[in-house]
Amino acid sequence: MPGFLDLGFAKVDIDRLERRGFPEAALAEGKSPDDLTQILMALVEKNGVALATRAGLDHFEKVIEALPDARFESIGRCIVIERTPLQRLAGNVAVVSAGTTDRPVVEEARVTLELFGNSVEIIQDVGVAGIERTLAARDRIESCSAAIVVAGMDGALPSVIAGLVSTPVIAVPTSVGYGASFGGIAALLSMLNSCASGVTVVNIDNGFGAAYAASLINREITGSNVRG
Amino acid sequence: MPGFLDLGFAKVDIDRLERRGFPEAALAEGKSPDDLTQILMALVEKNGVALATRAGLDHFEKVIEALPDARFESIGRCIVIERTPLQRLAGNVAVVSAGTTDRPVVEEARVTLELFGNSVEIIQDVGVAGIERTLAARDRIESCSAAIVVAGMDGALPSVIAGLVSTPVIAVPTSVGYGASFGGIAALLSMLNSCASGVTVVNIDNGFGAAYAASLINREITGSNVRG
Amino acid sequence: MPGFLDLGFAKVDIDRLERRGFPEAALAEGKSPDDLTQILMALVEKNGVALATRAGLDHFEKVIEALPDARFESIGRCIVIERTPLQRLAGNVAVVSAGTTDRPVVEEARVTLELFGNSVEIIQDVGVAGIERTLAARDRIESCSAAIVVAGMDGALPSVIAGLVSTPVIAVPTSVGYGASFGGIAALLSMLNSCASGVTVVNIDNGFGAAYAASLINREITGSNVRG
Amino acid sequence: MPGFLDLGFAKVDIDRLERRGFPEAALAEGKSPDDLTQILMALVEKNGVALATRAGLDHFEKVIEALPDARFESIGRCIVIERTPLQRLAGNVAVVSAGTTDRPVVEEARVTLELFGNSVEIIQDVGVAGIERTLAARDRIESCSAAIVVAGMDGALPSVIAGLVSTPVIAVPTSVGYGASFGGIAALLSMLNSCASGVTVVNIDNGFGAAYAASLINREITGSNVRG
Amino acid sequence: MPGFLDLGFAKVDIDRLERRGFPEAALAEGKSPDDLTQILMALVEKNGVALATRAGLDHFEKVIEALPDARFESIGRCIVIERTPLQRLAGNVAVVSAGTTDRPVVEEARVTLELFGNSVEIIQDVGVAGIERTLAARDRIESCSAAIVVAGMDGALPSVIAGLVSTPVIAVPTSVGYGASFGGIAALLSMLNSCASGVTVVNIDNGFGAAYAASLINREITGSNVRG
Amino acid sequence: MPGFLDLGFAKVDIDRLERRGFPEAALAEGKSPDDLTQILMALVEKNGVALATRAGLDHFEKVIEALPDARFESIGRCIVIERTPLQRLAGNVAVVSAGTTDRPVVEEARVTLELFGNSVEIIQDVGVAGIERTLAARDRIESCSAAIVVAGMDGALPSVIAGLVSTPVIAVPTSVGYGASFGGIAALLSMLNSCASGVTVVNIDNGFGAAYAASLINREITGSNVRG
Amino acid sequence: MPGFLDLGFAKVDIDRLERRGFPEAALAEGKSPDDLTQILMALVEKNGVALATRAGLDHFEKVIEALPDARFESIGRCIVIERTPLQRLAGNVAVVSAGTTDRPVVEEARVTLELFGNSVEIIQDVGVAGIERTLAARDRIESCSAAIVVAGMDGALPSVIAGLVSTPVIAVPTSVGYGASFGGIAALLSMLNSCASGVTVVNIDNGFGAAYAASLINREITGSNVRG
Amino acid sequence: MPGFLDLGFAKVDIDRLERRGFPEAALAEGKSPDDLTQILMALVEKNGVALATRAGLDHFEKVIEALPDARFESIGRCIVIERTPLQRLAGNVAVVSAGTTDRPVVEEARVTLELFGNSVEIIQDVGVAGIERTLAARDRIESCSAAIVVAGMDGALPSVIAGLVSTPVIAVPTSVGYGASFGGIAALLSMLNSCASGVTVVNIDNGFGAAYAASLINREITGSNVRG
């Protein structure tokens, strides 16, 4: 018996929760509302929860017809269905941002983290141009088992934070900025070249991916790993 | 009292071991053998261990004069001094590579991981063009608390491995390849766009950075975090 | 007598079917509906068939007035007129995709292949993050005389598939993805650097070009080559 | 029984000949002469032939000690061992170049093609600035079952040739040129955007990859496919 | 007395006709219709003619109120006022294009050339994929004193044409294409690396600039140079 | 007591005026009108003045409800509230532009400079293609304590001006241009490589940043520095 | 009878002098001294003159054995053989440079121009940072029938010069500079975006190409065109 | 009388000291030792001082023959001749670096600043990964009239420093780093996108340019401006 469900136009990887510890999510962008709905129905039936990222209102309006308990997180652009909550994890995950315009990415990370069983600490607008704000966040971040650090423009925040704490730092560049920020490339390169050791990086604006990685780390503490 | 030692030309961050759980390492490239030697002496005196990455033989020949117990790891280009070993950590870390030419990066990661107290699983040359090799590595990777996956050229290996296991995957693009590989950019972009959720990425050829991040994760399991 | 028809604003290469084995197609994008209609009329009169790619509804509405047997393939954005079908070819061509959002490119390839006389195997959504789906497609691809492999994001699928089969693989990067996917560049570079030998690549989203190349290959088996 | 041979530092894909129709080749660049020698010994023992590309004289001098029947093709930078020739294939493959400085890539393709059982037509220095030279090559190319077209600088040659013949064209951009040729990027982009339909492209200077792809196509005519 | 007219928000270079032989033109894009109108009024009063490029209908509707003899060339997006025609020049200028979608750039060049006193030969849609069309244009181009060659996609046309004739060739890359054409960069790079000697290049889609350069050349034959 | 005001979604750096001499400004782009209003209210209450850059009419309409003395500078896209004017500074600052389409950036700089207490000299449309216009501006620029030089396209103006005067020159590339101007990259690179010594550069279209830097310089002459 | 001479490894376009007015030159870079020598011998026999560009001393030492009247222009890296001088042309061509380090490109242009029958005006080191030097060159440039303007770094010189004269300006970016000059890309982009109308551009460091284009223009004045 | 000295191969801008306040410097790179010597002799005769940047030992050995009082600053790669010191300036200039490998750029800035009459504060190795080091430098930087901030890798240092002080900050990206630092591009982009207002930027590794700009600012305080 294969580990996927063949819908014809899609092969839903329903086996992923078991294999990787967390379920597949659907990238709504580029999918028709109808196709997205079918995929979410298959996922929620198998896993008890389902998540779509980068969703628009048009996606949600179709999904809600078939899945009336779906919830739309508009700032983070996520559709969430949570019938059988996933296992609660032991540690906290921090989501830290440099500026207020990074909020959509913060929200995508938060929604994912909460669905995946993590407790979340949100610490926003602590960019390094006002370093006092950054330093004030140190203790809350140190108390977490992973920190997602979100920044656009110069992408300097993860370097400072990673230098302050022993928490693993996952950096998320955002497309915030203009001109030579090149839609997030400046921040991305800055983070890849962080002078603080051990910073890892995900794609531009990829709050979901950072949350997935942080959840994998956080679950290890909880001692409920797939392998365990 | 400041957390750093002022050598005039350098300010050695001797406080880092306490603050972050692992000590500062020195990037040898671009430093004179004399300067490097002084920095390593300061680090080993304070921390009991010291590490220089991207070191050449000329660096080592100078260092060994002052620090006769220094060791040169030639493939990984590291200088290691280990007088008072750091705390042993509980979990294993896997270092997986796509091809044999990725070996210098594998070695830089291995040397760092071992110095930082991790047990290491080396799994080399399991690139996806012979997928059977990749699949055969699954169980050993699943048993580790973090996996460093090293690949050049198309950078496809982390996507396949992350899809197979629940272990956090840290991808390291290498400068292996030619033409449109652009010194590792092709692999870097591939990894940032991995279709497998939760892959995080470090700089091209940055085996040290990946090892630092994996050590931060592995220590969390051990329950010996700075915050703990 | 020249091998082209001079419409004033355009010189239609009506000789191409004879010279290359398959007729010229018209790129609708950037052409006015009126100009496109005239070009298609010239092509269908000479060749018995005509194809426009990257067409919009506004193009089709004008074309159908003059060519009432025209057909609009909306997902693949093609206009097709097929009065005298081209010669049927002996072998099959596989069109394989990594995800459901690659569908428009899959469709452009399928429509072209069918018009050019090929039988087509469609295998969608078998991306490498769920490798079981990929492996399950092996035998169907091996049975074809050419395989078009379509993927966005990390572009890893052609490397895995080409490693599994003896069928020539033509890789098509798609603009699916966001952030550092750069509209398909990440997938394009990944494919050009494939660790599996013998993968050839066409332009981003160029389903038509891949189908043209696959048809040239497939016709060779059929033994009906221009030269033959 | 696995399809690969585990040498410790390498896992040789000895199964590839059976699976794909042609054997694995070793990329010498970045491998030590010792490691390369071991890999070639494993390959030749299993397959009767072995090939290393991008090899230097230092590689060859080590290889010849262990494999005295090895041959060094210095312009194409290949090491060849051919004990039990592979099956002869029915059709010819053309290798066409724009200029005399493209010769190393032409040679890498030729050596690979001949080892893989193809007959080869070499047509050099027919760049489009002297279009008469290009046109004069038409008939010889049309008579082949695949054409590898090699060009640097503006990369214009494949567009003209593909417009003339019904033979599948595989374009190889070379790093020939200076300034804004960017080591072959100009030619690569030109080829990906060829105005002639059906041109497929391989990596810059990748004569081996083009030859592998052409061999896969040529074998289909011969009717000796893996699947057949 | 300065050579410019100070309008406050603009300093119109009314001296340019005398200094360079041809008048200043106004780039409409990014200017308000009111500002553009004032600039054109100043230019036409001084020079007897005026030209705005990259103009929209909104620009034209404002201009026509103040300058009722203004003409809108909609495909080439130019506004032209021609009260006292400039000196007629002796030679012809050819404008040659690869495809029908290059027409807006062809038109911008044609309008400029005619206003500047040149006779123009238009030769469209002679791209190299149907080389017979290209070759058929040779004699008409050879008879001109300059040739503007317009192409998108692979930008291969100028290389072939420059190889055929003794006429100076000015290449204009266009933003026609998709994917890895990068809005005309592929064609631009191809032209800068032309294998045919002596091709010069202007900015992407810059039909005006090419026409300006061609007019400077053509006037030299006429013997009416500023210096003469 | 921290130097910032915590609004929950934002941490306003109200301390910045004291620390740096000039207050924080709010980047309106990417902020909701409600959030922007709250931030401006906090800033104006603390500092007596407030500034938002890259604001739209929708931002202004919300702000004016809460802050009826707000002013909208539509060309420069700034919202200004000025209750207690900042200290007047002694020297003038010049704002020089190459063309009329650079005006929005000129205006953003002017509005900022005036709010920050500088007298401003505006010198527009003196691009180097009509060098007489450039030279005529020399004396007015030399009389200022700093010069902001704004240019798109070839970005050549700062090189000429910096060669003429002893005033510090801050260059601002603009996104004016098309084709290979790449949204201001051509001008940015030109300015970073200025053949005139001592030119410094800010981000593309960053009139605000240039004005901030010029104000820091101008205040030094005034002798009212924070440190003084 | 074909218009080219087939040397086996090369097809020398001996017909080019007749077809284009000037002979083919050989790019020495990437050719072996032996191959280069054979090509030059074929060219000089047919045309009475021969030119190799980008030649090294190793090339020259081989060439001089076979062609004892060969001359090495070491700064411009050209090998010249001139037995039957080409027709003298009527007008002068100016070669203008921004700085002393542009000299190799100036020399390549000068050598080519003189061989092709032009009289040459050399005007060096008149970069715009000392605009007085630039302005002082105006009259000499205006008296020429074409001007080659060579500049690295910001590439600003052609914009200023083209604004001053009615002479056609061919801009040559050079790889002079460092950092963000990217080997001449900054200058290249600057020139493509020149604010002075009618500037045309050749590849980075391509003094030969600029000279070829200038010769085509200059010959038109002379009235000795191929077509004439 | 022109403001420059014509050496034939060079036109030395001896007027620059008077016009701009500081003398021309010679970029040694790309100049022959002989040419450099002549230029420095002309400069020192006119100005009493002379400076060459990016000089090698071969340059110095030639210069010292003609100018025996020349001094070689080997780390900063400068040749200095100082016969009649320039006017001493009132304020200090800080030169701050992120790491020890930035030292060559620090030295080039220091040598230039001192020759130009500034007092210099050197503060090295205070990168943000050990933020305590950065914060400890605040008061010394605040006491200066300008600060040059030098950093490679993530280029984050200027953002933190500019947020702390009222001193104008000139950021210098360095080519320190590897992989995705792209020879300083990551740092350059980071600095251009600094989240701290008013940071201005010079070219990668351009310590001289930063020093020139800082000197222009510092002289304004001194009240000895050219205009004054």
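Note that the chains take the letters A, B, C, D, E, F, G and H in the order they are written out, and that residue 1 is the start of every chain.
Here, contacts are C-beta pairs under 8 Å (C-beta built on N, C-alpha and C of every residue); 3 or more make two chains touch, one makes a residue touch a chain.
Keep in mind the model is a prediction, meaning the values are calculated, not measured.
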| item | value |
| --- | --- |
| Where subunit E and subunit H overlap in contact partners, by chain label | F, G |
| Equivalent of F-H within the choices A-F, B-C or C-D, defined by over half of its residue contact pairs recurring | C-D |
| More contacts between chains, E-F or D-E | D-E |
| Remotest chain, subunit F as reference, centres from CA atoms | D |
| Distance between the centres, which are taken as Cα means, of subunit H and subunit C, whole angstrom | 57 |
| Centroid distance [mean C-alpha coordinates] between subunit G and subunit F, Å | 44 |
| Centre-of-Cα separation between subunit B and subunit A, whole angstrom | 25 |
| Interface hub residues of subunit H, defined as touching at least two other chains | 129-130, 162-164, 179-181, 185, 188, 192-193, 197, 203 |
| Which pairs of chains touch, using the document's own definition | A-B, A-C, A-F, A-H, B-C, B-D, B-H, C-D, C-E, D-E, D-G, E-F, E-G, F-G, F-H, G-H |
| Residues of subunit B touching subunit D in the complex | 100-101, 103, 124-126, 129-130, 132-133, 136, 176, 178-181 |
| Subunit H-facing residues of subunit A, complex | 98-99, 127-131, 135, 153-156, 159-160, 162-164, 177, 179-182, 185-187, 189-197 |
| Of all residues in subunit H, those that touch subunit G in their complex | 2-4, 9-11, 13, 15-16, 27, 29-31, 35, 39, 54, 173, 175, 183-185, 188, 203-206 |
| Residues on subunit H engaged by subunit F in the complex (per definition of touch) | 19-22, 24-25, 91, 142-143, 145, 162-168, 170, 188, 192-193, 197-203, 208-210, 212-213, 215-217, 219-221, 225-227 |
